[in-house]
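Each of the next two complexes has subunit A plus one other chain: subunit B in the first, subunit C in the second.
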Partner chain A sequence: MNKTSSKQLLGVAIFLIAIFIGVPLAISLTGRWDFYFTLTSVALLAIASAGVWLTFYIGRINIGQGAFALIGAYVSAILVVKGGISFWISLPAAGIFAAIVAVIIGLPILRLRGVYFAMITLVLTQVVTLTALALPITNGAKGISSIPLPSGVSLFGIPIIPEFAAMENTKLAFYYTACILMVVTYAALYRLVNSRLGHLCRSMQQNEELASSIGVNIAHIRIVIFAISSFFGGIGGAMFGSIAQSVYPSSFQVADSVNFMLNCFLGGLGYVFGPMLGTLVLYFGWDLLFELGKYQLLIYSIILIAVIRFLPNGLLSLRIGKGGQS
Partner chain B sequence: MANPGLSRPGFIFRKKEPMEQILANGVYLGSQYAMIALGLTLIFALMNVLNFAHGQMYVIGGFVTYTFYGQWGVPFILALVMSCVTLAILGALIEKLLFAPVIKGSAREESTMLLAAGIAFLLDALILLIFGEKQRGVPKIIDGVFNWDFRLIMPYDRILICVLAILSIVGFIGFMQYSKTGRALRALAQDRTAAQLMGVNVDRYSMIGFALGAMLAGLVGGLLVTITGVNLGMGGPTSIKAFMMVMIGGAGVISGAIAGGIILGFMEAIGLAVLSQYGDITYLLIFVSLMIFLAIRPQGLMGKPWG
Partner chain C sequence: MSTLLQVKNVTKKYGGLIANNDISFDVSQNEILSVIGPNGAGKSTLFKMISSFVPTTSGEVLYRGERISNLKPHIVARKGIVRTFQETTIFKSMTVRESVVVAQHLRATASLAGYFWGSSAAKKDVVAFGNYADELLEFLGMSAISNELASNLPQGNLRALGIAIGLATDPKVLLLDEPFAGMNHDETMQMVDLVRLVRDERGVTVLLVEHDMPAVMNISDRIVVLNFGEKIAEGTPSQIQNNEKVIEAYLGSADDEIGM
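Our next item is the complex of A and B:
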């Protein structure tokens, strides 16, 4: 059922070569080292956006990914700074913690639909920000700063991941880490969408009652999907905190949650790789427009509006008749 | 973003506020909030659009009144009218040029959310370029403070604004109930296709409804600039509050928006009075209780299930 044509394989190969070899080569040729940070951010935000896209796949508009990214960032930071645990263990821990929170919160709120779900997730972002301000362990508005760089990992004396602090080019290391994470995330997402669960999700997206009436356990599926989605959010947030070496309650706010949603919409909701493209275009576009100074937001929003005005179904809808599932 | 408040009613620096004072603050905040929520819910009911830019429209309303009343010395009422007119025109243009074509051309209704967010960015950029990023305030409309035995203290201008807000709400309800346009709008909100079959010009009334919703946002902005002033950063938090009120009352229901606004106003007034020493914990509690409430009653107080 998972037939990948040679054309698709070629596309993936080109993409992998481009991000792992092409981009570092291009950057070292042009000397624009600042692009590493931009592209690393794009990769991490794309992971979180993948989660938002997945919740859309069961017909829910999720504007709460900032909340789970913030939770992930805090969990990882607290484990590393206060618990002295290796970052590489705190990373999955952050994702799992975010997923657990998602299950607890999701049980009641996933009963909501449409705009109600969208609005409550928006409020959720605000709740997490305020909680981070109020709790003692998160250190209030001061946040957690000077988080150490990820330490090395070795198995049976063979180093698998080198010590980040000892590296001369941390940017490149973070770039590779983020890209590997992103590739794994999207591979998992693609696999999920093309699995039995993916088919069930599509049936829910179209009509929940109908899906339920033919024996789909919709309550179970939507919790699982929301947990996976938040896991992505937590991973992205934790990695982001590690790169910035600091976490504040304002690290991920309502605006970030809205941006995650925009990434998915702009890329196109019917396409697995939509959120990746959307993140790249939005974040990179924003960065490129920086030179316009005070007109940055104006030009950016006009382009955004123009895109949605003339391509209401997302950028990838230009590629007609390919990959569209719904 | 730590304090998503329009303003805190904490103009009295006494330790314990008497009950009368808290209630009066609640009525004052509630009437403002209800007006903001009305505009949002109207737009939602008519077009199924979640207007992210509502807070920005409110801010523009504030700046227009500031420019006319605060800078050029035009009478306050006239400045308010200018706020309404500006926002109504802006709203009509946004609907005609952006929302209507996108709704027609889009495979999914949710695309309008992206558009609304884009418009919120655009309006923020325009406000920044036209009005700057400074906090702006206007001279008081009337001086003096109403003081009832130190149990209830309320500046006269707040009372006036509160009365004006309540009058506008009553006027709006009357307009929706008894005018021909109001009837058409209600029909449109109830069932779009049926309204069209009954000969309602759907496109035209969608535009009028959107303009009306934007106008309400501008009117509150103009009213509140006399008390809290206005600045660029107010837009986003205002939108979030408006969403909350709409959710409490039920999306797309006018009475629900009013109820939601008043409930939020009272919760805030009581919370800030009782929990003032704990800082922003009031908002945390409001958010959490809202989530619990919605888990029990997903459609809000008066909403239709699944909007």
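Our next item is the complex of A and C:
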């Protein structure tokens, strides 16, 4: 659509410097190493939330991203542990597998609109959890544990990605990996939304009848979008499994699916970078309210309701934080 | 003039209710044909069957001899038969120009992936779409409102926007759904001129469903009259005005409505 302005570029540059240099610097100065895990989680959850945001973009409320994250986590874990395959191959494989499952599930359910689609997706997470409990390959309730850390990758003898297990600071390595994945995801999402596919999605979101009257194959685009969305979910989940070095049927639950959706609401459905901000605020917001003890959930919920009530277009509609994200 | 569109024995039943019964007529190339009838005569249903938005119960609609009924709407649109909607069916949060640009997607030469990566074909498309949108909006006299958000437009402009979106797809047949509804006399006459212009300058065959009798008499080459789901008459405006069955169908409600 619009040409990228120099202001936007500056914003993106500041953002990249902040996450790749600023954060590690601040952490080493303050000694709060535990923040690495928190921020890595935020980055990965933001990837999965980006997928949910994309299904919002075609006018569908998706409360099932936890299902695809769990599928991704299991696929990666099984490939690494039982197949002995490198994690770096299992990562895209997890995304692709999640996308294939999305196509199969999406074919019948994507015809549904509004609350009906939302209800079906809400059930999906539970279905995948139960499937993981029942299947022999997923090890039932015991899950898959002691997943080895990502191995190194070298091309023509030149090491590209070092062996994680041999590293002094795996937290930092995971943090960087998650941030790179997140940046790539959001760059792709931004590009997609501003390309023709994004325009067609917008036309479908605003009026499916009119969209089909101008020749848009809405059924096809819905499937493509749902597959991409689930691909993001699978990638996020696989990475999570690798960091935790374990996957259980309860690794992603219905509550996680709901959170993925809330991240999008909170950040703003109209903004590509909304889910990223939403994930950060939601994740930290919860932790910050920890001091409140038993009132934590109450206050947290009230704040959420207030935000959705008074900022229906999400936090980014405030535009206080200049992250160059527009 | 050659026959472009054929409606052959089309019937639509909703349970026991017969919305259209055995309707047949032909539409010639470059013609403006109106379907009229009292409320509940089955005009809208017929319209939706021609654009494949609802399936027929029996019978078929042919375009250049090829069946276009009971397909998906987007496939019919791709063949060049494009419908417009009444004013509420728009892309609310797009500007006029954005709507017209997105409606040109059938003309795209680059693939969706090409657009994502920014291939040269995609870049050409983007420029071509923008130029054509400007050209089309100028043709329709809408240049002044091209950057207005659709949701901010008054009713008359929305109708024109609907036609602009339809035209942007480069249709062979344009199906207009009550293009004059809710308009005053001046607006109606402007719209009549616009529809004529579309036919004359763009070579688009127009099929419209309408209530407004004076406008229909003014604009149509031929008229098909429906009553209670049956076709009761077909002919030129003067033939229709003198047709006894038509007068009977409209009698009681308002004689003068048929434009005499």
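Everything that follows uses one rule, which is that the second predicted complex is superposed on the first by the 315 of 326 C-alpha atoms of A that agree within 3 Å, B and C clash if a C-alpha of one lies under 4 Å from a C-alpha of the other, contacts with A are read in each partner's own complex, and residues count from 1 in each chain.
Criterion: a contact is a pair of C-beta atoms (placed from the backbone, for glycine too) under 8 Å apart; a residue touches a chain by one contact, two chains touch by 3 or more.
What you are looking at is a predicted structure, and each value in this text was computed from that prediction instead of being measured.
J.: For the three-chain model obtained by superposing on subunit A, do subunit B and subunit C clash or fit?
T.: After superposition on subunit A, subunit B vs subunit C: fit, no clash.
J.: Thinking of the overlay built on chain A, is A:203 touched by subunit B (first), by subunit C (second), by both, or by neither?
T.: After superposition on chain A, A:203 lies in contact with subunit C alone.
J.: Between subunit B and subunit C, whom does A:304 touch in the aligned arrangement: first, second, both, or neither?
T.: first
J.: Determine, under the contact definition given at the top, whether A:245 touches first (subunit B), second (subunit C), both, or neither.
T.: neither
J.: Of the two partner chains, subunit B (first) and subunit C (second), which one does A:28 touch, if any: first, second, both, or neither?
T.: neither
J.: Using C-alpha centres in the superposed arrangement, which angle lies between subunit B and subunit C as seen from subunit A, in steps of 10 degrees?
T.: 80
J.: Would you sort A:258 into first (subunit B), second (subunit C), both or neither based on which partner it touches?
T.: First partner only, subunit B.
J.: Using the superposition described at the top, determine whether subunit B or subunit C touches more residues of subunit A.
T.: Between subunit B and subunit C, B touches the greater number of residues in subunit A.
J.: According to the stated criteria, A:192 is in contact with first (subunit B), second (subunit C), both, or neither; which is it?
T.: second
J.: Would you sort A:312 into first (subunit B), second (subunit C), both or neither based on which partner it touches?
T.: first
J.: Could you tell me how near the closest CA atoms of subunit B and subunit C get once both structures are overlaid on the shared chain, in Å?
T.: 11
J.: Once the complexes are superposed, what residues of subunit A are shared between the subunit B interface and the subunit C interface?
T.: none
J.: Under the stated contact criterion, what part of subunit A meets subunit C in this complex?
T.: Touch residues, subunit A against subunit C: 191-192, 195-197, 199-200, 202-203, 206-207, 209-210, 212-219, 224.
J.: Residues of subunit B touching subunit A in their complex?
T.: Those in contact with subunit A are residues 1-2, 4, 44, 48, 50, 52, 98, 101-102, 105-108, 110-111, 113-115, 117-119, 121-122, 124-126, 128-129, 236, 240, 243-244, 246-247, 251, 279-281, 283-284, 287-288, 290-292, 294-295, 298-300, 306-307.
J.: Which residues of subunit A touch subunit B in the complex?
T.: 56, 61, 105, 108-109, 111-116, 118-120, 122-124, 126-127, 129-131, 133-134, 141, 249-250, 253-255, 258, 261-262, 265-266, 269, 294-295, 297-298, 300-302, 304-305, 308-309, 312-313
J.: Could you list, by residue number, the parts of subunit C that touch subunit A in their complex?
T.: Within the complex, subunit C contacts subunit A at residues 51, 53, 72-74, 77-78, 82-85, 89-94, 98, 101-103, 105-106, 108, 110, 112, 115-116, 118, 122, 125, 165-166, 168-169.
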